[in-house]
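Report on one structure; see the data block that follows.
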Amino acid sequence: MKLGIYPGCSLTGSARDYNESVFAIAKACDIQLEQVPDWNCCGATAAHNMNKELSLSLPARILAQAEKAGLTDIVIPCAACYSRLMVTQHELNNDPVLKNRISEIIEMDFKGTTNILNVVQMIDLYVSPVLKEKIVKNFSHKVACYYGCLMVRPYKVLQYDQHEDPQGMDNVIRLLGGTAIDWGYKVECCGAGLTMSKTEIVGMLSGKIVKDAARRGAQAIVVACPMCHSNLDMRRPAINEYIGEKMDIPVIYITQAIGLALGIDEKTLGLQRHFVPVKMAEYIPPVPESKKQKAKEPTNTI
Amino acid sequence: MSRIGVFVCHCGENISATVDVAKVAEEASKLPGVVHSVDYKYMCSDPGQTLVKEAIKEHNLTGVVVAACSPRMHEPTFRKACAQAGLNPYLSEMANVREHCSWVHEKSEQTTQKAFDVVRTMVSKASNNAALEPIKVPVTKRALVVGGGVAGIQAALDIANTGHKVILVERSPSIGGHMAQLSETFPTLDCSQCILTPRMVEVAQHPNITLYTHSEVESVDGFIGNFHVKIRKKARSLDEDLCTGCGLCTTKCPQKKIPSEFEQLLGTRPAIYTPFPQAVPNKPVIDRDNCTFYKTGKCKICEIVCPTKAIRFDQEDTILEVEIGAIVLATGFDVKHSDFFPEYGKGKYKDVIDGLQFERLASASGPTQGMIRRPSDGQIPKKIVFIACAGSRDPAKGIEYCSKICCMYTAKHAMLYKHKVHDGEAHVFYMDIRAGGKMYEEFVRRAIVEDHVNYTRGRVSTIYELDGKLIVKGADTLLGAQSVEIEADMVVLATAGVASEGSEDLAQKMHVSYDQHKFFAEAHPKLKPVETNTGGIFLAGACQTTRDIPDSVAMASGAAVKVAALFSSDLLTREPIVARVNRIPGPSHSTCVGCFLCQPVCPYQAIEREDIKDRAGNIIKSLARINEGLCQGCGTCVALCRSKSIDLLGYTDNQMHGEVLSVLEEAFV
Amino acid sequence: MEQFEPKLVAFVCNWCTYAGADLTGTSRIKYATNVRIIRFPCTGRIDFMLISKAFANGADGVIVSGCHPNDCHYTSGNFHARRRWMSFNAMLTFMGIDPDRIIFSWVSAAEGAKWADVVNQSVEQIRKLGPFTEYQKLVQSGIEEENFNG
Amino acid sequence: MSSASNHEIHVDNSLSGLILKHTEVPVQKCYQCGKCSAGCPVVSEMDYPPSLILRMLQTGLPEMEEKVLRSYSIWLCLSCEQCISRCPMEIDIPKMMDYLRQVSYKKKMVNPRAKNIVRFHKAFLDSIRTTGRLSEFGLTVDYKLRSLKMMQDLTLVPSMISRGKLGFIPEMIKGTKEMAKIFAKTTGLKSEEEK
Amino acid sequence: MDNLRQKAKELLESKTVNLVIGYENGTNGKARAVFITDPEKTGKLIYDERCKQNLAVYLNKHEVKHYGKIAIVAPLMVMRSILVLVSECQVKKENIVALGIGEDGSLLDFPSLEVVEKYVAKIPLGNPQSDQEILDKLNAMTMEQRRAFWQNELERCFKCYACRAACPMCYCLRCTVECNQPQWISAPAHPLGNLEWHMLRTMHLTGRCVSCGDCGRACPLNIPIHLLTMQQAEEAFHMFGVRAGTSMKAESALSTYKPDDKENFIL
């Protein structure tokens, strides 16, 4: 199984751990990941805040590079990059004039035929089917899956999962033998691109997320976006300042959770790179009352 | 060559005073095709008509032109006379020389000339006439009312009280509809069931009403006065004649935990059940999907306990075929449920309920005996948030319209809650308060001022659950869109009213048009609010758009009068003036090219698509076909058709073209 | 010199204008004799070609009249007709054929007096315009050619 | 009814007209339900909540439009798209905000409190303009220099380095010339060497 | 041009379509229509300012229809013609791939006709400028001058019906001129019959004409009859706010109405 991958800038820097875990589980599941040749930055928030054509040209070049390399399916672990590339492909496929204009800017032929996957879609398609046989150790933890904005919105373009109450990662966690809680901040924003310029706002937004997850007894927050990770993990001091107490709930990538269940060592998964140490006790969910009674009841009632 | 007779009337002196009738008759006799031409004092009198009849026989006429008054006056008279003499009535024409000539002009040469021109034109038309058979149909004086809510009940009773037979079909096991589910009604706060149940009983006991509950309309054929309707009477699994409605079976049924539809899933019922204690008819039905016997082949407890041995497990659906003269559609509406709203939990929070569920909680006969208790844990909520416009006025969710009834029932709900839970807090999020109606605005004010319901103008963005509370995030747009966050114990969504499930199917069965939201379309928004564009089918209540009880009842009575008017005569005669698409031999089959631009032009949905297939069943051509039962003969499609493939009987292209040519011919011949 | 008496044909719908003209009669309101009425079920039935046929056959003017908007017996025939007339009028104007030769009106079954006014005004208007010779000449030249050819 | 053509919608020279023309976002459709403001994560920091911005634009008054362009709100919008996912009228507020930022920047009306956000965006774009990829270290330093917020985040740097999360040497892609061209064509900005 | 040939080739090779309709170099330096089924022959395709014929006229032909899925080189007028033909059930939308040609001559990639609708909605529509200038001149004339102009022009018509054959929208099996019960149009070519024929054609194309001008180009006597339908296209837009060939819905100007259509001449 061969898939293209567009890592995006942060996976080579602050989200090196994410990158490592994506490649680690891919390897474990016999998925060959081939980087889009000579990829560039997608432009992120800065580009579409400042210049529309630029914000379409940068992703278009990446997709054109993928097309040129014959990569029909590419996985994009970074949710922000995923969103930018999906939006670009959608907009250009719906406006051939703009498509030509952008092709001319990037001086490359852009077809708009690439099948773009986010990391959970990749897991659903190629990892989950083989998980059962490969799990070494159940991921017996109670976690809050956090999707943020860019994996689920804009829904009209992405058409991925239920946008108000997504279940993609929750299902993966259940498959790993873990418990995924229902909570209030699944799709709220962490502060995203304001991480540098308005750190105090990020502290507030991410603080609300961390607080709600911790309050409901989650042992970790599971994410699939490097920006969410850095805001929830690296910005912990700002978060603690907002909440007024020290929060020690770790933030892990969904790929790291899978890696742990597959028995991949923590270092290969990049867990040591986190700012908040990843320590989770084992969690065995209580058997619900109704099931207990059922178990006692004789089966032949009639 | 046609043999036409011309009969010029003096109308006493009404025509002859200004028109030289003798000259007209004389000149007419010289027209090509005219074999007989006379004038007479009163053509419409008995001797006058006899003149026409005798001439038809004597001269073997193939057409008659009577030059007299307006055809709107005496066309039927002379058509009848022709028919009595054995001439097809549609071969007669009237030349209007009174209203359009003698009465509006002075006596002069020109007036006589004009009268003659008119005669000549009608002679031309008559020579192009074809024999047509009037569509004459007896009216079956039996009405079908579909839907047994308050509108259907009212319509059925009103029609029955005029002395005509009514069949009332209801798909659920009891009549009563949504009104039976309501606790109290605005703005009077009188008990809904107390005013409705007497009407329900009246329906059951009325000698002119046949009630089929647990039944659905299977198919409808025919047209006004003559519908042929098949009704599927779903198996109740018991002999209704033997069942006394004692209810013993329902108390002994081992299945007790089936969510009750009537209680909006807040209460439970057994597998053999009547939806509610006052149900009409008060005879249970077995829900086969949930009955132990049907699932496992064992149980039959109901059969064992039934004192009259009425249970019939092997009963099958029966199809009743009935002849019907007029139909009243009263299929009502549904409300969206909380699972329609992803931002409000998509149904995963038990304590986020819809308005109808709140009605059941507030109802004295409901699952909580009228105590407001929240579904999750049965606690009395101390703080309730009511959200108006949940789904309504929300194009993103496909519902642009205002559901009209929610403002009022939300005020009612908040008020009922405050009356029942004195220390409770009621918050209403609204966008506008639409309280047009007698005592309506006063009612809302009372909720705000006297009962201290907190109204906040703004829409709620999201709801999530935390520690048993529902966190409601809204904004107060009157305070500059400031955020408002309320920790509520329960949330009631005033969800949008939508067309009843299956409306589209039913509309298609009936050939009734419907709007984009599947509500049935009225024939005219102002002047024909209870008619549909299909003759003989009328509308009552919320199936046309969401409406409250007083409006529904008023509309039902209106529809009943329309039915009674239709039933006031024995015979319905329809002019055979209908459009037709031409047919020619293959491979073309018709000059119609199937562009279907005529379809949106037809006000009666009478233009259908006909697929011509080869022997292997492949479509080789699609062309337009006019449903003559629906066509009313306006001819708008005829003038639109570019290839002249449609023609209108009685006003054919040939006839109209001939008239234009003839009307401009040179003066007297 | 003798006054020019124009020939007018009126295409009217059965339900409004024809009935309105009946009312003119029962009210004994007098109007010019120059007009001949042709009855259609609805203005929607009126083919624009019938108007051109009327001119080709010697009409100096044509009146087209039906129910007021929203009053159509068939709900929408007059709305469709209106669009056709608007288009037809625009085309005639562009082709240099005086659209004033056609008078369009809404006359309801209750407007007997209005019908008389419409007719009188139309006759006056056409009388001023004179005989429709430019159109009738086309016919003549056509006939001549036809004769010549045949 | 509503055909796909936008010929019917009247576009005037007001800011809302320009928004419609350039982004197809119909400001006039807003009926002030406030659902966007109710769900906006940064509303508490904004000077005008999103629904109020829409109302101000609806008035078409020059003084209101200027207030919008000078507002802090337009720069705070995170493009998290929560508003559009819930808006009953499907008004794409983030897209509108993008446009308003561009106008505000061009007209030199950027809110003083938002200067750092603009600096960050510019530093970000400069980073990819020259190297093709984002150098987080370079970005941090560049941004610190531009914003003079030298002390902020300084504490983070050593720990990021120790965790291997900050590379000193910016990664260069092969197509740097292409990148320069893309920037030149879209923004008119010239790359360093071309200068 | 390379893009166009490449795309056409891909479509034929992948059997996405069975036929490509486009332009090729004809004799005397003119462009003409070409029908390609062999992917290797897509090199013949050209597109330049000589390519003026409205190729959509072939879409409704029996000989073309039996190919099933067809790709067609589609400058604006062809795109609009396709939309009209789809809205009038003459071609199936799933059978057409539009090889769009932008205003600058570049290939536009349309994944579906829905995107063509969006494209058409965005760009300014109207008559070609040169034709509109003539129309403006004619409209500035007096009624009498216009009558003389048209009488002069139409007198020359000898009813060869080349205009009808060139128009993609004139697809009726039996044209009204061929109707003799009643004889709506005087058959011989004389001033009245000619006027009636052109009035008929103009009215039947009102709200359906996409201003391609092919009828005028087809006329062997160079009678500018395309001005008649172009004028009506402009009028229909001003009066009813709709342009032909902008939607696949059956919404042509004369088969729909608005209760508040505004005219100024009905008494």
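As written, the chain order gives the labels A, B, C, D and E, with residue 1 at the start of each chain.
Just so it is clear, contacts are C-beta pairs under 8 Å (C-beta built on N, C-alpha and C of every residue); 3 or more make two chains touch, one makes a residue touch a chain.
What you see is a predicted model, and the numbers here were worked out from it, not measured in a lab.
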Chain located farthest away, centre of subunit C as origin (C-alpha): A
Most centrally placed chain, judged by C-alpha centres: B
Two chains sharing the most contacts, counting C-beta pairs only: A-D
For subunit B paired with subunit E, centre-to-centre distance based on mean C-alpha positions, whole Å: 42
Inter-chain centre distance, subunit A versus subunit C - centres from mean C-alpha coordinates, in Å: 74
Distance from the mean Cα position of subunit C to that of subunit B, given in whole angstrom: 38
Multi-partner residues of subunit D (at least 2 other chains): 44, 82
Residues of subunit E engaged with two or more neighbouring chains: 118, 122, 176, 184, 251, 254-256
Overlap residues in subunit A, where contacts from two or more other chains coincide: 163-164
Complex contacts: residues of subunit D adjacent to subunit B: 31-39, 43-44, 48-52, 82, 86-90
Subunit B residues within the subunit A interface of the complex: 292, 296, 298-299, 342-343, 345-346, 348, 462, 464-466, 471
Complex contacts: residues of subunit E adjacent to subunit A: 3, 100, 102, 106-111, 115, 118-119, 122-123
For the subunit E and subunit C complex, residues of the former touching the latter: 138-139, 143-151, 176, 184, 186, 188, 190-193, 195-196, 199-200, 202-203, 206-207, 228, 231-232, 235-236, 239-240, 253-259, 261, 263, 265-267
Touch list for subunit E against partner subunit B, complex: 88-90, 171-176, 179, 181-182, 184, 204, 250-252, 254-256
